[in-house]
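Structures incoming, each one as structure tokens.
One chain, chain A, appears in both complexes that follow, with chain B as partner in the first and chain C in the second.
And then the complex of A and B:
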């Protein structure tokens, strides 16, 4: 009995540690760069708002991917959806207004999510392989429809609303980040929907036996992940005043690293929205710090890879400790 | 020990048949359970016990035959249908999410929603109300469980079994089906589960208990139904038979005209 209680306590402590891990590492990296870059503007509110704005698309993709991971799926197609939806939005803006362009871009994301979900369920193949396939297809379509050319956006209302400007004096990217984060947090933590997502990821058999519509929940999760990527595409397009087939190309690794280090299990059943947000800000802060320290893009890429491996190593260790 | 004072039929199965491709898993299975009665469902590996349970709990559909609950024919097309007519199943693997706490598992897919109609429409959870009822449900079974906030993976096998039974009873089930509830348990924990079965049957719940453990069957059941290669070959009162008789019926060494 005594050994049982100590066991329970140590398991609990470990679980608490895992969820809180992102806070410690965030703080550690912050302090590290603050000391290293003490003679720069790193430690200023301006720079932080800058990081938040810069990472907004990553943050929103990370939040979306958290839903897919919660049910035990991975979604590798998100980077390619960023490019395609941004292109669809930008091209529609040349002939129509904002509502249709935005709807078109978001529907592109929804459609890819639905295709991912239906293929996974129908073919009973892992999400890893299916979304790897759709990633290739979607990237190909993006290259095809754009002819490898950039599509400029001159609609200034669009660019102000999606990224470049302010809404009520607050940077629009900041509002998007906080808004999406709040909705996702509530959906995951407070609503029956989030509980069902986690049940499906934690124990599909139990979820099924309790009458949860497992297939449908998995489909929703993939649609959310893909739609979030489409929104990220719009934010990129707004910020850059145009779209290009390369958008989001290098984001997949960053997003997965951000989500994993934020405490979401890569194997389903545990999701942490706040962790995903802090994780993406951490990635942004590291990029920002590395740039200010004079590191190259290649070196930043290596740093991201190392962080992902660390995050995954922690996740796997925890899975074994079980 | 006879608990059939009410002597009203809780569930009646007539000529249930189920095939998987060429395999006839169930051939004309018929029996009934009265309210407050504990019936053991016995049979060798592959005799069809789990298949029958799945037909009653809505996971499989029988190819033919009739299920009557409280003397009314019912169509059980899904696990939710089974619940609606008052049948709860404690599955072999218990059907619980290990990472969730007891309260979340007790209310899985039957969450209590917030009182505010707008929040309710969104599916906003009323965690406090669920915790309160979880506490009550556990108390009702006098089970030795530390706290309704404990995650399932921190519980012992017996405690998990108790939670699974609590969940079934919590939903006001009239019929509780248990697939080998003590298979993975030690002596003391098995005794606790037996005690729980006694508690719920004394509350008028009909129990269908699958077990390979003759001692367990003799201790807890009022009657036993034996399946042999998909057929119900015996329906006997426990007080009329010995453990050896039951084993003979299970292996097909002896036969009894039902």
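And then the complex of A and C:
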């Protein structure tokens, strides 16, 4: 019994440490750029708001993907869902009001998530393959319905609410980020749903034995991942005053990197919402810092990789020392 | 904090060391463009490429086929395709394939192999990467197809022997026109930012370079910040950083329209409606911004429909033994709020989108 308790405690300690990893990395990169760019506006509030605003869609996708990863699924279709939902929203806005456009966009995401989930469960095929397939289908539909043209949005209420506007003096993209993060954190940490997600991701058989509806939980996780991508699509559409079939196509790897650095396991059973948010801000901060530093594009690419590796190494060292 | 090295501070020392290290790592530079840009100065004009009635009758009698092997897809490529298809239809030439390489050289190689099996008489194409696709082009033309290129040359290919000619934008003229528009936007005096395409790409590199050169003729225009980008989605962050570091900016030049969308978005987010943006090409989002008196001041547009039409005519004429000039350039137009409607129809040969029309009439 004593051995078992000790084991559980050490596992818990490890999990806490693993989650602390992102804080060390974030701090290391922040200090690095604060010194490197002390004579620029890097440390200004305006610049941090820039970073938060620019990374808002990535952050929300990262939070959504955390749910899919928690149950052991990867969702490669999120980038394509961003484009399709943004296009659906922008097209509906031309003939209807904001509620219908937003509902249409979000339902697009929910529908893709449901299709992903049902196909994975019915066919018992890896989520990697199914979502790779749906990514192609969704991208094709986005290209088809848009005719490769941008779909502009001139509804200023929409662009203010989802894009560059302020709500009570606070940038709306910041509010979206914090709001979604809070809901996701509560769902993951405080509700039974979160525990069920992690149980399913850790060991589906054990979860089934505990009476958890494994199939349903996995389905919910994929729907959340896809719906979050649809919301990210709306945020992009709001920021850019329009939608385009290329939106989100470059985001998938950034989102996966942000979630992984944030302490979520890519193989299920461990998820960290705060880590996903800090991970996406970290990626945004590195981009921002490198642009401010005046490096050329090639130098930035190399430096981005070098900084990530150094930061991860520092994080690992701190964990071992701790 | 004072530094022990001959720089003002540890921070500056760190920055120089970091840049030096990266400079060492970066051992290569982009290769110069394969074609001497001076050749563009002696280019033929697309308006001079005409098909007489007798030539048209001879071409129709041959019952030719054509294939369009494109680099990617966009509304611009669609307009080029429409121009080519219309010209081919007038000459009784059947289009047997249209492909889209999605900017992937490997996909373009496969596209060329597939198209070659159809034995087209004419191929119109823009090469994603001349070096890696060269062998496939060689195979495609070995069957007798006449190859007309859009903009990008293929290394090792000889004009008049391996390909008919290159149809392209007036890159030098467009860059120069963009500089004139920047001067116009700031009344000949101000602080300018430049967000350029930092990749080896024939058209954008030449346009950007022509812009730089032309801008140096204006002594009161100071380029206070130049930043490069690889992918369009990067420009928002770049513009935000540029404005943060240089709050006194008056205007920003960006290499092309979709890349400018991120810049406009960043300026909106920062509440900087005073900074004017000048770019190349036509896109509905930025034109809407221009129509609504936003940041978008002006753009320089080529004529994609005319490019396709000219390529088709050159390909068809070459089947009669007609020799084309190495380069044929298509005119451009400068676009401001007052002529959006006319230039859109000139470029795309179709009416402006409804939403844009509404914004223009308000």
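Basically, the second predicted complex is superposed on the first by the 278 of 322 C-alpha atoms of A that agree within 3 Å, B and C clash if a C-alpha of one lies under 4 Å from a C-alpha of the other, contacts with A are read in each partner's own complex, and residues count from 1 in each chain.
Operating definition for what follows: a contact is a pair of C-beta atoms (placed from the backbone, for glycine too) under 8 Å apart; a residue touches a chain by one contact, two chains touch by 3 or more.
Here the structure is a predicted model, which means the values were calculated and not measured.
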Open item on the list: With both complexes superposed on chain A, which partner does A:309 reach: first (chain B), second (chain C), both or neither?
Closed with: neither
TODO: Once the structures are superposed on A, label A:123 by its partner contacts, choosing first (chain B), second (chain C), both or neither.
DONE: neither
- [ ] Tell me which of chain B and chain C touches more residues of chain A.
- [x] C
Task: Touched partner set for A:198, first chain B, second chain C, both or neither - done: first
Open item on the list: Per the contact definition in the header, classify A:170: touching chain B only (first), chain C only (second), both, or neither.
Closed with: neither
TODO: Kindly classify A:296 by the partners it touches after superposition: chain B alone (first), chain C alone (second), both, or neither?
DONE: second
Open item on the list: Show me the residue ranges of chain A that touch chain B in the complex, using the header's touch definition.
Closed with: 4, 8, 11-12, 190-193, 195-196, 198-199, 202-203, 205-212, 269-270, 322
Task: Footprint of chain A on chain B - complex, ascending - done: 59, 78-80, 83, 89, 91, 93-100, 104-105, 108-111, 113, 122-125, 150, 153-154, 156
TODO: Provide the residue numbers of chain A that touch chain C in the complex, in ascending order.
DONE: 35-41, 44, 46-47, 50, 53-54, 94, 143, 147-150, 152, 154, 163-164, 171, 239-242, 244, 246, 250, 284, 287-288, 291-293, 295-299, 301-303
Task: Of all residues in chain C, those that touch chain A in their complex - done: 9-12, 14-15, 18-19, 22-23, 25-26, 73-75, 77-78, 198-199, 227-234, 236-238, 240-241, 244-245, 258, 261-262, 264-265, 268-270, 283-285, 288-289, 292, 353, 355-356, 359
